[in-house]
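Would you mind keeping the following structure in view while I ask a few things?
When the chains are written out, they are named A, B, C, D, E and F in that same order, and each has its own residue count from 1.
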Amino acid sequence: MRPSERAVDQLRTIKVTRNFTCHAEGSVLIEFGNTKVLCNATVSEEIPRWLRGQGQGWVTAEYGMLPRATHTRNRREAASGKQGGRTMEIQRLIARSLRAAVNLKTLGENSITVDCDVIQADGGTRTASITGGCIALYDALQKMVEAGKLKKNPMERFVAAISVGIYKGTPVLDLDYPEDSDAETDMNVVMDENGGFIEVQGTAEAAPFSAEEMSNMLALAQKGINDLVAVQKEALGL
Amino acid sequence: MRPSERAVDQLRTIKVTRNFTCHAEGSVLIEFGNTKVLCNATVSEEIPRWLRGQGQGWVTAEYGMLPRATHTRNRREAASGKQGGRTMEIQRLIARSLRAAVNLKTLGENSITVDCDVIQADGGTRTASITGGCIALYDALQKMVEAGKLKKNPMERFVAAISVGIYKGTPVLDLDYPEDSDAETDMNVVMDENGGFIEVQGTAEAAPFSAEEMSNMLALAQKGINDLVAVQKEALGL
Amino acid sequence: MRPSERAVDQLRTIKVTRNFTCHAEGSVLIEFGNTKVLCNATVSEEIPRWLRGQGQGWVTAEYGMLPRATHTRNRREAASGKQGGRTMEIQRLIARSLRAAVNLKTLGENSITVDCDVIQADGGTRTASITGGCIALYDALQKMVEAGKLKKNPMERFVAAISVGIYKGTPVLDLDYPEDSDAETDMNVVMDENGGFIEVQGTAEAAPFSAEEMSNMLALAQKGINDLVAVQKEALGL
Amino acid sequence: MRPSERAVDQLRTIKVTRNFTCHAEGSVLIEFGNTKVLCNATVSEEIPRWLRGQGQGWVTAEYGMLPRATHTRNRREAASGKQGGRTMEIQRLIARSLRAAVNLKTLGENSITVDCDVIQADGGTRTASITGGCIALYDALQKMVEAGKLKKNPMERFVAAISVGIYKGTPVLDLDYPEDSDAETDMNVVMDENGGFIEVQGTAEAAPFSAEEMSNMLALAQKGINDLVAVQKEALGL
Amino acid sequence: MRPSERAVDQLRTIKVTRNFTCHAEGSVLIEFGNTKVLCNATVSEEIPRWLRGQGQGWVTAEYGMLPRATHTRNRREAASGKQGGRTMEIQRLIARSLRAAVNLKTLGENSITVDCDVIQADGGTRTASITGGCIALYDALQKMVEAGKLKKNPMERFVAAISVGIYKGTPVLDLDYPEDSDAETDMNVVMDENGGFIEVQGTAEAAPFSAEEMSNMLALAQKGINDLVAVQKEALGL
Amino acid sequence: MRPSERAVDQLRTIKVTRNFTCHAEGSVLIEFGNTKVLCNATVSEEIPRWLRGQGQGWVTAEYGMLPRATHTRNRREAASGKQGGRTMEIQRLIARSLRAAVNLKTLGENSITVDCDVIQADGGTRTASITGGCIALYDALQKMVEAGKLKKNPMERFVAAISVGIYKGTPVLDLDYPEDSDAETDMNVVMDENGGFIEVQGTAEAAPFSAEEMSNMLALAQKGINDLVAVQKEALGL
């Protein structure tokens, strides 16, 4: 039924490449099928002005798409002079999700910026960003531990994200672009490794959805997140 | 238990003033307790370039806050030269929600812009914007019917929005600012008059939330939306 | 002769609502007929960098118009990324006028920002802003006195503003939009309660005007300002 | 009494150099003492979109200051990414003043842009811009006549501008920078060659000014404008 | 002598991966040692407005760097709201260089945009961009031939670029970051496959350089370009 | 052969006017034939943040063109809200060139900004800017010596710049606009008074150029620079 012939609860092939680039403290290329996002985590000993003196750290994120990551070319945001609403919305979501993974007190007065840049897009770039960003963040934090800057890694729980939706009347997991363009409902779910919800963002694209459909989608998401957390831990050798 | 002494499933006092200003085709001041939002709907016979020739219309929205709508003054976005991420996120949400109320084909090649400007803020400005914006939109569409530009009002379903959250461990409806600042979880729910979900956006502020908590929150939201749709229809004399 | 059937020296109905919103230190909705401007005064203990250490304070102003305050919708300045020339010109005028009301030395190293936001426009928004802004400013300063931050209210003189013009060959007071669009000459006059001039800005729209016409317009303005100062003082119970 | 030892009703030395640059249709360097402004008028056969099809033309103006035209260096507006409020205010004034000189119907569907760039500033840059801009505008229009594009020069009246003010209690004409920084009142007056007022913009810098002071200042302005129009005509050989 | 132990006339290892992403008409990841640039060529049937009706096409380029392509994180240009001077300078150079490779008449009224995005930087990002961009451009043009839109590939000559410099007194080829930071002179040379110069940009970083040094650097560049063109052709199977 | 009938190695008439404006510490109007650039050097006791504490100074430059310096009017960069790529490229070149003239250590923690504003353009505005900017810079530094702020003038070598190109197959010196628009190759060369190269920027406009052509152009440039340095020194009475 699905264009990709996947089962309704089947993720695309997930591939994680750590240390994809050499400068960032954490650098992960994550692939959800044809969607490829480079997640670079940068450690800084500066924190935002409004946080100073509170004995805690901060995690933030930025999101971008290369102009030709998509089927047709999008205008470069640096050239148009501002980040669009979609970009802003996504990077705020990534940042909130990753902050939920970390004990900001334990992090001390340090901050981490996770840059998620989409190299190739085929649906699900924000869920790939969160899932890959969490690994890059772990690596960056671990480097701080190894450098003696932190006693233990302040990541308290792995977080991962996946999309679910109603496609041709059926709830499906991890929509790719052809499904996404045609789905009646599209929902992004961020959860932690213990099954707790961090973020749920569901949108009726065609018709309103029912509480039962929502429930089915959340169950699919739970299954997908379990698979993704396993991938995250395996990539990190945990 | 609530600072406002409301019951957990009790809305703030909702007040609707139609024709609040005299120029807009639809003009509604909506109050959710101390939150006051002016929703002005403007009819235009132009549609966005990318929609031309497809025989359908468009509904869009913009959101703003007066600098001193809040406890302390926020910098005026016009002066800082751009709309912030929060503003972008909210106005995209309002626009998607209101489009879900309307049959865009029936609207013809016309567009409606709904400006939601927060005069005074006390939590829930986005839900007030959607709920009030829907009334202003209805009025503007009705004026097109009366002017003979449309045969019937293309609004197919009323939509309303409400926030729910976990406050001191308990699910509560329609959070005001003191609750919102202190809630463990915050969720905005947009539904139509038939109980269908249009948008669900939940965020764990403190700790992840469970499927059961989500379920309880959605039930509260359903109750609140029913009340709000009744207010909408009464305001319109329907 | 006037579309509104007012006498040539007759103001529109002036209405002042203090404490229109609950957060600002001074909050006044002022109505000049159908023109409605919300003036919110915010107290801050910071002053501009270039003033520091001089033992004096500052008063500034910002002006905005809701997109649909006017007959047709204007583009939102926050969305277009900058304030237009007209906005800049008006807010500079408001600020200079309000500074003329206050003894900046007595104010100490504090600053007040007066936000004037036009809710509904029908001509004369800048004069309403100055007249209402002065009341909001008084209230905000009085709150500083009550809080023990200032010994006495540093407002030294009330200032008010009114437009005058030549309409169909006759000098008239307080032009509304239909008159303003059609006037040969348009002049905005800011005066203090003692009849001193603070600002005079006259523009020949159709044909140059004579010294005699100017003189007649200034006399009308003097009359209008007297009436407005009476309204200001009455609103404040002085 | 004046720092420059001029009489109270004495202009600075006014110098006009036509054809200062070779490309513009009208190019005038005007000097009011040490204030030097280059006014270049450009003819275009395009008119603003909102004017099309109305059988009339347009005159607009832009104003700029070289960064080191002043005692200390100002930030280049092109580098800071926007024109400041003062620049906007001045260029709007110049444009309105020059439009008052021209019959826009006779101009046909052509537009003229007058760029006024301050090479060196010593007070009165806006009045020099208007006075010199009018000459450049005349030259550009005359070139259109010579090229057969217009039957007669559509300039209907010369306009010129001068500042007046109250300096140490005395009304004086044409303030230079040392006077301007210290004046109690500063007024810019734009008039036509027949003694009609085009614009009057007076500001009380220190204390409110009286109707009598205003009257005295306007009389001085009238005297100055007469002198300036004579200079304009002499420069043009009229 | 060189930190990398390369011979003075030895390039870093050059690696070309065609079809690195799946959407662009030409997509090349080019590596000059640790410098990795993704070059995506996009075909469009639109040409810039100023070129219309002249029966020729256009080639343009944009350049960007991922924020953490470098040792320390650079601010994202999309977030700071503009492209910096260095970015502008580089993308103009890339575009001019690639236009020199193509017969714009034969291209017809089509345009190609080559996006060069630096994934990892270690010196020489502009030379890698031009060298890789030329391959991506060839691929995109070839696709137009295969699609029957062009009769033959309008690339008339391969162009490649390399840096040369004076490092510790000795002319060297293809500077990496450690050399570049420490070089006395830095020169970027763009040549075609026939040994013709397209662009030469040399800068004395420490001390002026002599004609003899220039001559030696150009000879090194010639050698490097020969090697690079061989790599380009081999990658394309020509 | 040349439109101007100059010999191939003949500069245009070079004219230098020192103290062209009265406020800047160094102010030079330089003319290369019809190209006229005003170069104002401003001394400041502040240095960029990233340089502080290193015991050295800085020299920077900004470049602008009056809108009607050219045959047709260019949009004012301040109005369009950013400096274009060409402007950025040129001002970076001017700044690098002038820094090469100065011993930044000897300058101490001071900075000089050289503003180069094109009053009239006829080709070669960047070379005129560098050549004139160097004189203005010398004057500004000399004023610091005279004021006792520096012991000796930190200019170590005069720098000048000239364009060379291939015009109708022949290498020529100092291209004016008609030649520049039609040249096959265009090269800007910055040298010091001892014949050392500071910057070489050559671009093939029509066809690639050969090493021999390059060599011929550089010889012409050397000749031109010698002449220009003589003019610089004569203007300064050295």
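Throughout what follows, a residue touches a chain if its C-beta (ideal position, glycine included) is under 8 Å from a C-beta of that chain, and two chains touch if they have at least 3 such contacts.
Bear in mind the structure is a predicted one, so any value in this text is a computation, not a measurement.
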Fewest touching-chain hops separating subunit A from subunit D: 3
Intersection of contact partners for subunit B and subunit C: none
Interface residue overlap between copies subunit E and subunit F, same or different (over half shared): same
Inter-chain centre distance, subunit C versus subunit E - centres from mean C-alpha coordinates, in Å: 59
Subunit A and subunit F, separation of their C-alpha mean positions in angstrom: 50
Sequence positions of subunit C contacting 2 or more other chains: 81-82
Chain contact topology (line, ring, star, complete or other): ring
Chain order, ring traversed from subunit D with subunit F following: D, F, E, A, B, C
List of subunit D residues in touch with subunit F within their complex: 21-24, 27, 34, 36, 38, 40, 42, 44, 62, 64, 66-73, 76-79, 81-83, 87, 113, 115, 117, 119-121
Touching residues (chain side subunit E, partner subunit F) in the complex: 82, 84-86, 88-89, 91-92, 96, 100, 157, 187, 191-192, 194-204, 207-211, 214-215, 218, 222
